[in-house]
Amino acid sequence: MAAPPLAGYSCYAHFVVTSPRPLVAHVEINRPDKLNAFSRAVWLEFGRVFRQLSGDGGVRAVVLSGAGERAFTAGLDVRAASQEGPLAATGGEGDGGRDAARTAKALREHIEEFQGCITEMERCEKPVICVLHGISLGLAIDIACCADMRLCSSDTRFAVKEVDIGLAADIGTLARLPKIVGSTSWVKDVCLSARDFSASEALAVGFVSQVHEGKGAAVEAGLAMAGGLAGKSPVAVQGTKELLNYGREHATADSLRYTTVWNSVALQAGDVAAAMAGMFGKRRPTFEKL
Amino acid sequence: MAAPPLAGYSCYAHFVVTSPRPLVAHVEINRPDKLNAFSRAVWLEFGRVFRQLSGDGGVRAVVLSGAGERAFTAGLDVRAASQEGPLAATGGEGDGGRDAARTAKALREHIEEFQGCITEMERCEKPVICVLHGISLGLAIDIACCADMRLCSSDTRFAVKEVDIGLAADIGTLARLPKIVGSTSWVKDVCLSARDFSASEALAVGFVSQVHEGKGAAVEAGLAMAGGLAGKSPVAVQGTKELLNYGREHATADSLRYTTVWNSVALQAGDVAAAMAGMFGKRRPTFEKL
Amino acid sequence: MAAPPLAGYSCYAHFVVTSPRPLVAHVEINRPDKLNAFSRAVWLEFGRVFRQLSGDGGVRAVVLSGAGERAFTAGLDVRAASQEGPLAATGGEGDGGRDAARTAKALREHIEEFQGCITEMERCEKPVICVLHGISLGLAIDIACCADMRLCSSDTRFAVKEVDIGLAADIGTLARLPKIVGSTSWVKDVCLSARDFSASEALAVGFVSQVHEGKGAAVEAGLAMAGGLAGKSPVAVQGTKELLNYGREHATADSLRYTTVWNSVALQAGDVAAAMAGMFGKRRPTFEKL
Amino acid sequence: MAAPPLAGYSCYAHFVVTSPRPLVAHVEINRPDKLNAFSRAVWLEFGRVFRQLSGDGGVRAVVLSGAGERAFTAGLDVRAASQEGPLAATGGEGDGGRDAARTAKALREHIEEFQGCITEMERCEKPVICVLHGISLGLAIDIACCADMRLCSSDTRFAVKEVDIGLAADIGTLARLPKIVGSTSWVKDVCLSARDFSASEALAVGFVSQVHEGKGAAVEAGLAMAGGLAGKSPVAVQGTKELLNYGREHATADSLRYTTVWNSVALQAGDVAAAMAGMFGKRRPTFEKL
Amino acid sequence: MAAPPLAGYSCYAHFVVTSPRPLVAHVEINRPDKLNAFSRAVWLEFGRVFRQLSGDGGVRAVVLSGAGERAFTAGLDVRAASQEGPLAATGGEGDGGRDAARTAKALREHIEEFQGCITEMERCEKPVICVLHGISLGLAIDIACCADMRLCSSDTRFAVKEVDIGLAADIGTLARLPKIVGSTSWVKDVCLSARDFSASEALAVGFVSQVHEGKGAAVEAGLAMAGGLAGKSPVAVQGTKELLNYGREHATADSLRYTTVWNSVALQAGDVAAAMAGMFGKRRPTFEKL
Amino acid sequence: MAAPPLAGYSCYAHFVVTSPRPLVAHVEINRPDKLNAFSRAVWLEFGRVFRQLSGDGGVRAVVLSGAGERAFTAGLDVRAASQEGPLAATGGEGDGGRDAARTAKALREHIEEFQGCITEMERCEKPVICVLHGISLGLAIDIACCADMRLCSSDTRFAVKEVDIGLAADIGTLARLPKIVGSTSWVKDVCLSARDFSASEALAVGFVSQVHEGKGAAVEAGLAMAGGLAGKSPVAVQGTKELLNYGREHATADSLRYTTVWNSVALQAGDVAAAMAGMFGKRRPTFEKL
């Protein structure tokens, strides 16, 4: 249970990164006393963690979860947001007389930086499994939408909460959620109403793939899934992630062409031979670092 | 039950618009003796109603339903269609000798006008909840696809009926339905076969979000949902609708950029402060007209 | 059961094409001793069969299934692939010293040809119903994704198997699967893990529309569905397929415009009148060849 | 010179529409005392004129010019703009305390309406030749970008003037100009610097197709060009305009497909036969109304 | 002058293919008595010639010209078109009573096949230089638009002639011409008016890159240009063509990504080393077959 | 001439940044002894310089030029490239036995980083004027394509040189050049042949906007142009750059919508009032920092 820390990740203040299984990284949001809420310092680190994992040849699959029993994350650290950054100075007397266009520029920079940090998880070249539990509000959904697969514990309390604090979600939920679940009627319902939804509802609409009893079981399932992926050809796994992400954003003809060019070099890896040998030899194949 | 008429909407011949709750408009298709079928006069009014609602600062959420017990709408008024417009003169002796290209131009104008009127519901800046019941064929699906959320009574009889009258649906179903439910296999089945499907099937595939016993309960649920949305920040609600609609049509990177620009001014509203105050003050926040 | 052969299709070595019902073609992959695996000769024929069906005025709906009890198809004929084509010479000593760029060109040509043959099924202008049973691995999914509707027997064993042989699927699954089922979390799970999934799981996520007990019942259901479509207006059915496929790849405004132009001539067919007459006359309408 | 008024267009206050040649409409912006500047009343009429011309079977080509010797148009009527509409109330004390988000909504509605009216000229199904002369600033360029061909007199003084009044052009120049001339370096220069450019510079970069000495000669050349187009097959001319506009906005494969569907009915017109007969018979062909 | 035939191309009836320089193919349209007009047999061969050249490792650059002194090509063989194919039966009594929708299907198939054959020249992986002279009407422009570079003799008489025979050009001119020259005003002028334009006008607008005195000099210049390209790295040349074509059709971010993937294998060729060695060694580098 | 250094930019080793005019930054590539060639250290700094300028409220326009008389830049520092990074290890014995797929991953990371650094100039929110002179090969063109306007001295020797060193240009030229000059025939010629082209040819095709005698005059013209832009409303200038860049990448309807949202807040700046006051008051307006 006390997995060893992953070498090279001890510099982070808000994240604990361990290696519970070979080639698997487990990232924990580690601010349990704040319900794992995100201040700017947290999201800047979040981006850096995933950029580092993306380039780390010793990692082949990643699990993200939240520390503590109560929350994956309660979302934006509203108290911090009201004291730092452009939001602090908006709509009130504190903006030093800037006009709306100049305030807008500051807000654009703020939102872009924030979006950019969260998007690093989607851009991470290794598969990322997000395991949610407990309070999972607002930013929790933006983050989960950037993962490849979503698992949760049965006690998870989800909500796209932003409308209830007077704004449209702007860190990715509204752009990505309609692309990752099937029913737009459901997407609009939860995004417009900001109502809670449960683990079983999340499973029924396809937002999560599995529900487990309790956070421990959910994390364990995530690690098992990650362990399975880590044992496979990284050329195959990372190529599959890249091509699925590309396919989501492009028309079919474009995707087929990109696939062709991508695989024209990927197929020159030694992994097909290794996988075949493993399959017929009834032993576990090993694959070179990628 | 006898909700007061909404001021400014008494000019419509085929629609009754009432205000059963503050800031909520209830639009009823009001041709029950014709099973609420649409002639050209009806769809021209339909477009005008939703254009007016979109710009009406006194409305924050809309419910659409059909008057009478038998039908939400039976779709195109086939009798009227056979007597008016270009369809009347197509494929027969009545086209006065026009060649196929000239007939096609008239048909393009006809289809574009018709599409344009129905699309006004999708373009309406307020959330629209469509409550279906009874007979809901053909155009009923085109219309429902333009709503944000779909509810229905358990007795609803749905069908994408157009193939059975010898044509491909052209008022939006084929463009929108694959984008709003998950299973293309199901979409193709119901669109190609023109078969009926039930409320429970519609719920299972995610076409509707809720099924209620009887039309009355379904409409009541729609009004309750609308009432909830009407009490929230209109900047947040309308922004969420805009960004979800944009997200459905664009790649993620484009959507994130658009979101950034959109929220760079939306965040300058007073609504965040009002919502926060309401949240902490345990009283219902009020929001300025938008 | 022993349906008559469809005239003009006896030239194929690996496919049997019969006409069990009027205007319906039943295509069987006919290599049961190889579990219907695909060598290059098989996929070249596959492309030709569907190109011919697309232009055959005597066919209005197509069913595809696999001969024998054991497999729809086990996918790529790995033995053949290791002896023919560019894969044979890749990553090993057999490539005669070509550099990686020149090998890549050969691989691009190989992949494009293979993709092109399978895509012919998607481009076939008649609706295609794919009936899967038994072993349905790898290429089986690429093929099924090109069909309009998918049915299966309860014993079907599905897997996007490619990762387990060290490569990312490149014949279409990764481009199409995210567009035809709702849950991306599920898509990533099965594509990255290469795990088996069952008929009931395929039904639950919307990959297939129906599950039947045993291959016989599934094929029969497919033929019945095809028979139903074959009796309808071919202008309506083929237009519906075209517009749904177009809609999946384009934004809504573009789709509406294309629909307008398409129907500006399709509505000039005699099919609307024929369908109407059939509807009111209570007899089965007949439609001219298309 | 005193061409007869075109029937049905006498209702416009700011535009004179005459028919100097058969099937040709000549639209003049008729506010010479205001240098043909546009107030809201003017652009609303502008949209209506071109919508009417688009549907007028008696018109096959259109010329747009400005009345008087001094200006095609000096652009936005700044005085009117400062007294009407949302601009009047922006950035100052006059906005009644609306927050920036609510002001933005009013501005969006204002800009969309304005863009929509000018875009009607681009959407007009008949070819439109814009003849510029004298002062042609700001909105003059937005308008000219919506024409199919641009001619001018040698004394024309062009400028994308908006930057000099503190804003980015928002009625179409920045969206369209990069698509209709070749050199982006030149486009950025004139749009960022707001500097004047001459008729000969406009010709050199391809913004205009012809320069003539004096307004009279330029208008005459425009009418001659329009007269030539009016004598040709309207199916061919209007189809060519549609397909060129479509081609500018879409990738080549999409354009080829759209062209195929478009011409599948356009080729069924009688115009090919009429044109052929005219060509071989050495007499001027006549074409049916479209 | 009498260049040797290129091996493997003697099967073509309407094209002569020679190899006047090493690794260069010279394709001549060889129907001078018909002014090199295209019947269906000609365009089917045209597609096959370029498909063969695309895959021919012994060819690194291609020149296309027309045999005889009078014409590059006069375009569609109108006489043949009026006797064969769907055009023969359109708009007249000869269509055997087919309705407009069924005629449209035949026309779609006809246009798609025709477009597909001409597009093979654009898809040819080797650079293609089109040398025009004399009569170059209608289809001549569609063809020239598919080349990489265009040269012509000073006597060339160009026209996008289709409007004058009552139709909108549908083999590619309207989709491609706006993408390959800078001035849309000019494009619309020549496409709508069907007027002739000269070699010097073509040069001024950037449609052709060079004008030479007489056909002989123009062809010689084309062969010299092709000879230069044939001596360069085929990995570099063919990659450059692919990436420029891709860039024309996609947004910049997409193009950069595709470029990255493409070059991730192209840079593994031996060509960089060979080119460098050649550059520093002052001798002509040689490159392996591609 | 000895302009003062711009505060905050003294940390760069390869770039000198001065402020020759108020609010103008002049960036010089400062490796004249290496003909301003780019090693990895240089392009990493290049990206940082432009990111800093983009966010620097004290800068409103930027000029980029090369130090020394001989070269703007000779492009990639080939010697450095052969010793560092993945190129060093490609295609030879030095790659430690990595397979082609693993080498490709390293190359992708290398190309993406390189592209990203150069693209920072395009993303810089202030207008950038690129002044070229002398040797301007390879990467010089990639860089120049990211500027808003291009000027040059008459002695400039341009070439898209990459094909001559055995590769397709991959830092942006092939993606951007077809979008910024009019003639694709010319683009393909210079990109495929790698031939030199002169200042006057660059002017004729619209690649540069001005040619001046000698580097000094060209730089002076660039600074004058920058000075002019720096005196204008930054809301107007930066908005115009943003909207033109957006317009180049999107269809017109999308651009118009984005423009609407952008200007809905930009118009709330004080700049319109300031510009107007300046215009009528005949004094130079001043604008607040942005």
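Lettered A, B, C, D, E and F in written order, each chain numbered from 1.
Assume a contact is a pair of C-beta atoms (placed from the backbone, for glycine too) under 8 Å apart; a residue touches a chain by one contact, two chains touch by 3 or more.
Not measured: the values here are computed from a predicted model.
Engineer: Which chains lie in contact with each of subunit C and subunit D?
Structural biologist: A, B, E, F
Engineer: Pick the pair with more C-beta contacts: C-E or B-F?
Structural biologist: C-E
Engineer: Could you work out how far the Cα centre of subunit D sits from that of subunit E, in whole Å?
Structural biologist: 34
Engineer: Out of subunit E, which residues touch more than one other chain, so two or more?
Structural biologist: 91, 99-100, 103-105, 179, 181-183, 205-206, 235, 248, 253, 261-262, 264-271
Engineer: How about subunit D: which of its residues touch subunit B in the complex?
Structural biologist: 55, 98-102, 104-105, 109, 235, 265-271, 288-290
Engineer: Quick check: in the complex, which residue numbers of subunit C touch subunit D?
Structural biologist: Subunit C reaches subunit D through residues 258, 261-262, 264-265, 268.
Engineer: Contact residues on subunit C for subunit F in the complex?
Structural biologist: 91, 99-100, 103-104, 253
Engineer: How about subunit A: which of its residues touch subunit C in the complex?
Structural biologist: 127, 148-150, 179-183, 205-209, 225, 228-229, 232-233, 235-237, 239-244, 247-248, 251-253, 255-256, 259-276, 279, 285, 287
Engineer: Within their complex, state which residues of subunit E touch subunit D.
Structural biologist: The contact residues of subunit E facing subunit D are 78, 87, 90-92, 100, 103-105, 107-108, 111-112, 115, 119, 162-170, 172, 174-179, 181-189, 191-194, 205-206, 248-250.
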